[in-house]
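Take a look at these structures.
Next come two complexes, and both contain chain A; in the first it sits with chain B, in the second with chain C.
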Partner chain A sequence: MKSNRRGYWPVIVTALAAAMFVFLFLYLEQQWEIVLLAVGLIAVLFSSARFGLLRRVELAASDHPRTTIMVNVLAALLVIVLLRNEHFALLMLATVCLYVTICLGLTLQFGYAGIVNFAGIAFFGIGAYTAAVLSLHSALPHLLVIVISGLVAGLIGSLLILPMLRTRGHYAALVTIAFGILFRTFLEVNDLLGGPQGLKVPGMQVFGWSLNDNISLGPLGAVSFYASYAVVALLLAAGAYALIKRLERSWLGLNLDAVRTDETAAASFGIDLPRWKIFAFTAGNCLAGVAGGVYAMMSGFIAPASFNFGDSLLLVSIVLLGGSGNPLGVLPAALLVVVLPEKLQVIQEYRLLLFAVLVILILRFRPEGLLPRRMREYFAGWGR
Partner chain B sequence: MDPGFIAQYLLNGIVLGVIYAMVAVGFTLFFGVLDVIKFSHGDVVMAGAFTALATYAGLELLGVSDGMFAAIVITVMGIAAMAILGALLAKLLILPLRNAPPLNTLLITLMFGLALREAVRLFYPNGSNPKPFPQLLPDAAMTIGNLELRLDSVLLIVLGLGAIVAVHLLIQRTRIGLAIRAVAQDPETARLMGINFERVVLMTFALGSALAALAGITNGLYYSEVNFGMGLLLGVIGFSAAVVGGLGSLYGAIIGGFLFAALQTIGAVWFSVPAYKDVFAFACIIVLMAWKPTGLLADKSAERV
Partner chain C sequence: MSGPELVVDGLTVRFGGLTALDALQFRLSAGEFVGLIGPNGSGKTTFFNALTGIYAPASGQVALSGKDITGLPPQQIYDAGITRTFQRLRLASSLSVFDNLMIGNHRNLSHGIIANLFARQRLKNEIEENVAKSRLLLEQFSAPLASRLFDPVSQLTMIDRRRVEVCRALISEPKILLLDEPSAGMTHEETRALMDDLLASRERMPGLAIVLIEHEMGVIERVTDRCVVLNYGEKIAEGSYREVASNSDVRTAYLGED
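And then the complex of A and B:
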């Protein structure tokens, strides 16, 4: 089989090109440059999908999963080094990484197991509020706080899944929608959690080192403190990506696919539907909760206004825009959805309207998204 | 507790129940004929109210001063505009997605609702702020103890209940109603019997959206205020009501609407912080879904494999 493996140069070339692109996208200021880059990204994705280039990169990546993750993390670190002084660009990069993490969780729920979650931002918010309360009122180490944020989000999610297990489709969607709205209202009226004014959150400290301090790295000169958060968020997103990708290739992913594709058939082959749904839903919410914990410490301040139902829809749009069930698609989609409105002041106000129209057009004319998910390969070398 | 006080809450609950039931009937109609959830329904409610508001501004320019006449004109305009919008939505977005996964329909209508909401916020003059809705109905009031019984509330309740009964009669007694019921039961067979499927679907969407517009105008007249975001909550409430009652059942939607209003009223009386009423009502809905997963009145049917 050794001879069947491809070289990993396509992965390296792609990672460098992507890093270049992300850097330019975050660094450039002129409006026309941003528009050009966004249009260019979509054009490149479409044309490379059409001419099979993307397929080659994907195959090379699936032959070298570890190298792929390593190379991409290094490329992203390169971007962070290049942007070391740009507070705003680094903050955006970190936000993109956190959104990627939540959307990978949603991919696990919706793309693999077929469970709709219209409360993604609520679980992100649960993580954020947990982190805020724990770091304000306890002396727990912050890394542990972030893990607990994820666990709490997963735990509350696993209570919510109980009514969802007994229903499906629209009825299950209602449960998450009701929860999303309930959560926001609850935060606003709850004085213990700061009410509409929200809570201040202390910055993250890892092993006695505060991430909010500016650091200076010898020859590189002064580095924005957001760089440290960007690194943390990047590692989180990379870890989540590796996890989801591994999961997809394993028997767990196969079972989840079966549950999504046909519940009746899956059940008659002895697959325990509730077990897999609980697994996917809880694991996905844990990812969202962890991302929420990091977000709270990074932004230093959280309020109910950041956890709107509209934001949950934005998350679902990212998953759909990228191509439901394809973790790779989440990356460009999150980049476009998060960064574009921040960079293009012209559309800032019209952001939601534009996304709504965009998603309507995608659903109507290209329901499989930017990077559609491929058929699972049962035998290595098939279909090459 | 003072009986007049209780009666005041009861009256308020009944008006809310009528509004919710009108929204829920739309959801249940759409689900009946096409097995889809149209999530932009709440925003159609809002758009109906804003159409009425815009019509009123036009009437003011023309110098119409008679309140009752203005009320009728704006209601007719709102209903007509939303009926057309509903039919267009079905034609352009929902029917083409018939063979796609049901979630795509849910999402496309959610996004259409978002687009509608944002369009009103951005393009209606000063649309991001709450707008006062004109007081058009006679507001003579009768005071019994602590209860202030206003004529316009009574008129709104009568109007709303009348609209629901009219829809019920339309569905049960007329030819088009027969066609709607036939399509709901079995689209294939209905087509074989010579029913124009697409026309029935468009009619149903027009009918449901017209009811939504009426609900929006009722809401505006009752609270004397409308805002661009009111549709989201109204839509979710209407959907919850329809689901709790059992999707596809007209009576279920009505019961669900009044049930939700009752839950909110109980929540408002029970908790000192009024905003907890929605938290309470939605929590009850989640529990109800766990207890009766397909609603209170929906028939249990075996799934065809």
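And then the complex of A and C:
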């Protein structure tokens, strides 16, 4: 099985091309340039999926998992260096990374275990508010605060899933919709959490270093403080990605697939349905919560209006657009869904409507998404 | 090995006013191959579903090797050593043949979160052992199928899917295998091939008891040691194929139906 391992140059070329693309997409301002890039990205993804180019890159990546992660993180750091003093572009990049993290959680829940979650942004919000409250009222180190934000979101999610275990299909989805809407109302009437005005959140401190300080990096000159947050968000997304891939390539991923594809068959072969559903739902919400914690410290201010039900729908549309169950698909999909409305004023107002149409089109014409999920490969060189 | 492995006593299943299974008495010894026949809607699948914990029986008892397993959830029935196939295939067709087999081998795999995420080398060894085990099992069934271990089930022919479903039920080395019309949708030749595979695998797994639901009488005659006939949820006959085939109740039940 180990024989004919491929070289890793396709990974490097792809990572560099992707980095250049992300840089231009975030840097350019003209509407026509953005449209051109977005259309180009979709066209490239579609055609490379069709003509097997993508497969070659994926095989190379799967043969060199460590190199792949390293090369991609370096490529992403390169983007940050190129954008070093562009506040807005860096903020968007960090937001994309946080959305990727949440959507990897949704991939675990929906793509693998088949649990629909229309409250993604609420769990993100739980993480954000937890981080806000803890950093305002305690002296806990911020990294710990962020971990706790994830745990609180996971814990609340695991309570929410208990009634969902008794229901099937649409009813479970309704439970999450209700929760997502109630969450915002709860924040608005809760004075301890700042009510509709929200809360101010102190910036992140890591080992005594404040991320909100502007930095000057020798020959690179002035660097926006958002660059630091972009690095943190990037590392978070990369860690979440590595974790989800590992999980997928293990018996855990198989169990979740079994639960999703056929509950009766899964139960008949000893698979404990509640256990795996709770696991997927809790772990997925933990990721959203951690992302929320970073978000709160990065934006310095959170309010109920940032956690709309509509945003949960955007998260679901990212997962569907990318290709349900394929973590790789989340990357271009999050980039498009987060950045396009910010860059194209026309879209901004109608973004929910547009993404609703987009989801319907995907489900109708390409249910497997931009990058369809592949067979599970338990380790490098699998099946070859 | 001599005493009965499975003892079913007065097993009854009701759906509202319908008694789908009526006080069934049934025994199965280790190594036996029993045919379960009866017209459509006579309660055969219901019997399997009640045995495997998918339906809760209204009354009656089921004991496996002397232990009461009545009304246990499907997961515990599987752990106790009873596996099955389904009348309408229930494979995960988007997953590979290997993945489907491993769903069947659930109780022999490690499912700890730490073990799966952070002890990759150990996990890799376990996966490699299971690849070898799956290959061996498939080869015994049909050599060409073994070469498709990593293909998605959706790319297989009907007979190969049936084979995979049977292998999924066999790979955990159960005590009892329940087969719900495995020949549905197959030609005579394919059915014959599948039955040959089954007989061969029985040779290799001494002690394995099989219950086969099958409409084709020729198949029942060829492969089973004994058969049980259901009609409207009741057992109307039991014995060797010859005894049952000449039974007048059985004849009327079948003639009335067909």
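Before moving on, here are some points about what is shown:
Just so we're on the same page, the second predicted complex is superposed on the first by the 374 of 384 C-alpha atoms of A that agree within 3 Å, B and C clash if a C-alpha of one lies under 4 Å from a C-alpha of the other, contacts with A are read in each partner's own complex, and residues count from 1 in each chain.
Convention: contacts are C-beta pairs under 8 Å (C-beta built on N, C-alpha and C of every residue); 3 or more make two chains touch, one makes a residue touch a chain.
Model, not experiment: these values are computed from the prediction.
Of the two partner chains, chain C is the only one that A:D272 touches; chain B does not reach it. By the touch criterion defined above, A:V337 lies against neither chain B nor chain C after alignment on the C-alpha atoms of chain A. By the document's definition of touching, of the two partners only chain C reaches A:W251; chain B does not. Contacts of A:T264 after superposition on the shared chain: both chain B and chain C are touched. Look at A:E349: by the touch rule set out above, it reaches chain B but stays clear of chain C. Contact with chain C, but none with chain B, is seen for A:R376 once the two complexes are overlaid on the shared chain.
When the two complexes are overlaid on their common chain A, residue A:L236 makes contact with neither chain B nor chain C.
Common to the chain B-facing and chain C-facing surfaces of chain A are residues 264. Partner chain A is touched in their complex by these residues of chain B: 31, 37, 93, 96-97, 100, 102-104, 106-108, 110-112, 114-115, 118-119, 122, 232-233, 236, 239-240, 243, 247, 273, 275-276, 278-279, 282-283, 285-287, 289-290, 293-294, 303, 305.
Residues of chain A touching chain C in their complex: 243, 246-247, 250-252, 254-255, 257-258, 261-262, 264-272, 279, 375-376, 378-379, 382-383. Every residue of chain C that touches chain A in the complex is listed here, in rising order: 52-54, 73-75, 77-79, 83-84, 86, 90-96, 99, 102-104, 106-107, 109-111, 113, 116-117, 120, 123-124, 127, 149-150, 152, 168, 172.
Residues of chain A touching chain B in their complex: 116, 160, 162-163, 166-167, 169-171, 173-175, 177-179, 181-182, 185-186, 188-189, 264, 309-310, 313, 316-317, 320, 349-350, 352-353, 355-357, 359-360, 363-364, 367.
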